[in-house]
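Naming follows writing order (A, B, C and D), and every chain is counted from residue 1.
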Amino acid sequence: MRTVLRSRELAIVIVLLLLVAGTTVRTDAFLFSENSWRDLLLTPSILMLLAVGEAVVIITRNVDLSVGSVLALTAYLTGRLFIAQPGLPVVAVFVAGLLAGGALGLVNGLLVSLGRVPALVITLGTLYVYRGVVLTWAGSDRVNASDLPDGFLALGTKTLASIPVLTMIAVVVLAAVGYHLHTARGGRELYAIGSDPDAALLFGLPVRRRVLGAFVLSGALAGMAGVFYAARYGTISSGAGLGLELQAVAAAVIGGVAIFGGSGTVWGAALGAVLLVTINRALPILGISEFWQQAVVGVLILGAIVLDRVLAARTARRLADAREA
Amino acid sequence: MARTYPAHARPLWQRVLLTREMAVVAVLAGVVVYSVARVPNFTGPLTLPYLLLDTAPILLVALPMTLVVATGEIDLSVASVVGLSSVTVGVLVDAGWPVPAAALAALGVGAVCGALNGYLVAYVGLPSLAVTIGTLALFRGIAVGLLGTRAVTDFPDRWTELATARIGQTQLPLVVVPIVVLVAVFAVLLHLTPFGRGIYDIGLSTDAAHFSGVAVARTKLVLFVLTAAVAAFAGVFFTLRYGTARGDNATGLELQVVAAVLLGGVSIFGGRGALHGVVAGVLLIGVLSSALRLENVTVNVINIIIGALLVASVLSTSVLGWLVRRRQHSPLAPAQPQPGREER
Amino acid sequence: NSGASGGASGGGGDVSVVMLPKNLGNPYFDTSTKGAKAATSEFGGTFSEVGPDTGSPDAQVPFINTAAQQGTKALIVSANDPKAICDALDEARQAGTKVVTFDSDTDASCRDLFVNQATAEGIAKVQVDMIAEQIGDAGEIAILSASANATNQNAWIEMMKKDLADHPNITLVDTVYGNDDDQTSFDKTAALLQSHPDLKGIVSPTTVGIAAAARYLSTSSSQGKVALTGLGTPNQMRDYVADGTVTEFALWNPEDLGYLAAFAADALVSGKITGKEGGTFTAGKLGDFTVGADATVLLGDPFRFNKDNIDQFNF
Amino acid sequence: MAANGTPPVLELVDIRKAFGPVVALRSGSLRVHAGSIHALVGENGAGKSTLVKILSGLYRRDAGELRLDGQDVDFATTAESKAAGIAVIYQEPTLFPDLSVMENIFMGRQPLRSGRRIDRAAMREQSAELFRRLGVHLDPLRPAAGLSIADQQIIEIAKAISLEANVLVMDEPTAALSGVEVRRLFQVARGLRDEGKALVFISHRLDEVFDLCDTVTVMRDGAYVSTSPVADTTVGQVVTHMVGRTVDDLFPKTPAPVGDVVLEVRGLERADVFHDVSFDVRAGEIVALAGLVGAGRSEIARAVFGVDRYDAGTVRLHGTDVPPGSPLAAVRAGMALVPEDRRQQGLVTDASVARNVTAVVRSRIARWGLLTSARESRAAAPWAARLDVKTNALDMHGSTMSGGNQQKVVIAKWLATEPTLLIIDEPTRGIDVGTKAEVHRLLSELAGKGIAILMISSELPEVLGMADRVLVVAEGRITADVPRDQATPETVMHAATATLEHQP
């Protein structure tokens, strides 16, 4: 099992390295100009946050399709906050984003765990509702870079020791969540629930509370991603983050998170996100027309699922042999 | 021994009226009545044809999707198949093919897409949610890749006119004919054939179906192929109606279709749902949007209403179902068909 | 709520105008809507704006249908796709609605009049001139366009390529598409700078694209090194002109464009013009206009914005 | 021995529990003392497991009292009963397949180091220790997925022991264990008893009961029957209490004329599950596959019927080969399989009786390929009547019926195909005594009509009472072929455990 997971994440890392190496050979600017190095690390940070939250939800055998809309809401909220309160400290805005996102996630979680309704349906519904709320709220109005304080915008590209700050935050979040999932009872219970919900109930695990928690986390991280979005792109229209939800799920799947829960790691999901984003940036340089990028992504996803199946089969065989011995 | 049984526990009217589907039909009727009475210009001659033309692609794709969801699977790649089919028609017509030939080729492409989905899900045994998210990107990518910046628009007029033509003197668009035919076909297939019974069995308990000699894998494969083929047909219609073949045609349609199917009362876990519910679901979304637009309600409010409607509808069923189950089963019985853990 | 339908019921013969931009949430169209609205109130009509949330080809059709159902007198459209909305427009016209396209035209056969912000030649020329001046008439340039199928942009890009022939030392190395989405345009800009290290300038003939590109450049080491020009709105570009990311960009006044379109629509409804060449009408404060070849009315030449004049504009 | 002077640790009085129409428990009672191993016996469906699940807080009782150390208690969740010091090994293993064995044991109460972090090293050490105590060799780090039924049971036992509870309930823990493992388990159990814990031991194997326990409580049809010290009772008495009548009329076996060979199985082989399985079943003959749970009998049956694939061998019906891996082909050839797991495999519990009964013959009753529920009801009614299925209408869902009635529906469904070979796996598992006799009568009747019957059963009395021939399966091999007249509990049990005894 552990070896499978490890080799699973390893697989992505290798693909990633090959990709970056290959692209850099084609154009060394891909890696060796300060901006490209910065962007290489910076661009995935938003999808990374979403993928981590999505992974946690999927591990509990649920799914959250509303993350894209949540991101839009919180991104726009960020803008409005600054317009209303130009002097607002950046930290406060991050907190606001987390809280707002968490609240939206809470709604999903309550509907799913108390209403006993399939997450796919609920979050499909809230995907429309949340998006509609942004559109109504923002209307044709959009937040421009000039509406945001320079300090905040600077954060979008700020680097420490040539590592972008946003990426650092994302990685810290990733590490925290990953550490929790691996070393805390609550974290392991998420896996147990996804692995066999009925056994979890028989066992007396707090299924509802944990599922609720997963959705709140996913929402909160999407909220944080919204703040990232504002800082990075400066312009926020009501269409922000349209369709990101499928990318987040795709990232998790590519990262080896089983769509029916119980296995996979947030590390994998994060790596999946990085690979997804980086491929999109590398293909044009590799001379593959941007129009074919989606096709490549599709192949990537299918490849990932098949790989999972193969690895699973191999372990099963290994364990069977072990039983014979 | 000579014991006899009534065929039904409840009287006919209850069985017909007290169903999830009828609830949707009722709501639809309500909305229509209200709109006719209150919404300005709703009674105009243009409302019906526009409604049908606009909902046609969703309605078409929702039919086979209903069967797929009834087996407990899902196909998120349909919109991309619509796009790919549209591009296929465009490219071929551009290359001088006659429209009918190009359309046939598009259907073929659709079938191939469906076969890929079906094979990966039914025979390799991969989860359809993940697979079709993958093929969603793949098929769309191929569609966009094939045409790039180009948009083929030079279709022979008689074909584009055919797509929006009316039947005789009526206001009904011609596309109603294939829709009615397909609705009939799928209704019979799902509700009046052994194949359809098999679909429900698979959705309720794949094991039991397998043990009773239902060809589970083949059934699923067939359904995925059907779905993609119909999606391809919708793509041909889409292309001719708008007279333009573009890679990004019908982007996002998949979620509208799934929403309509679920709104129509099909259980995402499979095994429950009926076609008239789905048709009502599609029309409900269509009528609602059309009426709200006539009231100059903006598109975002429309989205909110539809989303809320979806959530409310599932909540209501699940809560009802849960109450019923609470009376029958152990308090543990989950929303899914009860896993047979009780003995052993 | 249903002001338009009120107009439809023909009360007092005043003109009911419906404005249908490519999509909502686009500041450029906000401004043009503002103009059209002002105009409508000047000649006394009812005005309403509707639109889809995305710019996909079919998204506008239901709104055109609705306008037709409401018996709207005049419909002012900026087409997402030259062909996709044709049938819908034709039906609307059969139902007695006058159709004016602005900003982005459909096939000439599908509308009564096209209000052209500036000739394609003019728009292409101004952008080529600006980039040539800004990069010293030599070096690699790239184009960041809207969606791959955007009629306008594609037409302008063709023109620009022609004009570039007169600038032998400038090479157009790449054309990418930001789909008028902030994030996509932003990331495409980043990708451009990477795939073409020697890039001297970027031309973005779309207001969303140029703003996103400016935003990226202002945060990158290429700021000031890589020239950026194209079509943008003063409000979105003001900061970047101030901080030197952008020296000069162009645009017509979208407010005037909407204003003119509305008056043209009124003229059509009242029968002052039919769309035949040579017809003339007065557009409020903008003065008199004459219908040109294949039923187009020309607003004027694009206007160049730079740090000297930008502060006089607010749209 | 039970300190009968002291008050009981655990007391269940007149517990009642119904699942919709099914009354699982009418009045279940049980009094367990500290330092005692208390046997709870009763036929399938007597209500033992239900009683246990109520004790553990998994089900809420409809009526009755539950006392722990003399205090009235009421558990809303299994967590609460755990906290109160009650450990339960459920009849069906409840493991998380994706998680490692040790996590399965310690889930929710993993040993922690500083900062409330899970201490994996300690967890691994402790599970290793548990396994040593149980004398099994299992890697604490391997995932639970793919564990054999036996190994799954071991984990459950380790789980329960690690809880250090003072009441330990084991629902048929030995069902899947080999002789060696059983003896080890008994050592552990006695050790716990001597530590003063109270143990409840549920088993169908009375020899084990008399070997291990000191007190035995008998249940029948969801009600308490009797409690007596093991010393003062005999197997015979217990059985009479269990069944409520003498055994033989429970098995109305009418010998039928045995015709020629219907089913020929030759060299059937499937890696890790069964090996070189060859046997015949003749018309009018009832052949039983006996053996311990987990021996691979169901797998053999499933392979023969084509639900599972097999690696090698042939299956012939009436002399013609039946293509592998296709239940449809098997049905066409005239086979029928009543599977062991009713709720999962036997019927679609959320579909109507009519649909279930006609599930296999649909295409036959369809006219021009069309099928209406009216036609289904018409086709289903006679078969439902034939088996005297108790339901108030044919469109009632299977989930609303008792286990026995569900089983009748499944049998009806397969009889409707008019098979020449009927494979029936655990025909009376979880079925009450009355229905049980009916099913047995039906089986002999069918045999009398010349149908060949292959019956799998874990209940010796059933095997001995019904079979003309007993094939004993151990570890996926047929280890004995015993004709009716030579079939005794000893011969069969010996063959069933023979090979297992020689394990390390």
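Operating definition for what follows: a residue touches a chain if its C-beta (ideal position, glycine included) is under 8 Å from a C-beta of that chain, and two chains touch if they have at least 3 such contacts.
Nothing here was measured: the structure is a model prediction, and the numbers come from that model.
When each chain is reduced to the average of its Cα atoms, C sits farthest from chain D.
Computed centre separation for the pair chain B/chain D is 43 angstrom, with centres defined by C-alpha atoms.
Chain B and chain C have CA centres that are 37 Å apart. Between the Cα centres of chain A and chain B there is a gap of 29 Å. Taken residue by residue, chain D touches two or more other chains at 58, 94, whereas all remaining positions touch fewer. In chain A, 135, 198, 201-202, 238, 291 are the positions where the chain touches two or more neighbouring chains simultaneously. Multi-chain contact residues, meaning those touching two or more other chains, occur in chain C at positions 24, 53-54, 148, 177. Interfaces, counted as pairs of touching chains, are A-B, A-C, A-D, B-C, B-D. For chain D in complex with chain A, the touching residues are 57-58, 77-82, 90, 94-100, 103, 107-110, 112, 116-118, 139, 141-143, 145-146, 148, 151, 271-272.
For chain C in complex with chain A, the residues that touch the partner chain are 23-27, 29-30, 33, 53-54, 148, 176-177, 181-183, 186-188, 190-191, 193-195, 197, 211-212, 215, 218-222, 235-236, 238-239. Contact residues on chain B toward chain D in their complex (touch as defined above): 1-9, 15, 188, 192-194, 196-198, 200-201, 204-205, 207-215, 271, 327-332, 337-344. Every residue of chain D that touches chain B in the complex is listed here, in rising order: 19-20, 44, 49, 58-60, 91-92, 94, 307, 327-328, 330-331, 337, 339, 341-351, 354-355, 359-360, 362-363, 366, 369-374, 377, 381, 384-386, 388, 391-396, 399-400, 403, 413, 429-430.
Residues 63, 111, 115-118, 120-122, 124-129, 131-136, 197-198, 201-202, 238, 243, 246, 249-250, 253, 259-260, 289, 291-299, 301-302, 305-306, 309 of chain A are the ones touching chain B in the complex.
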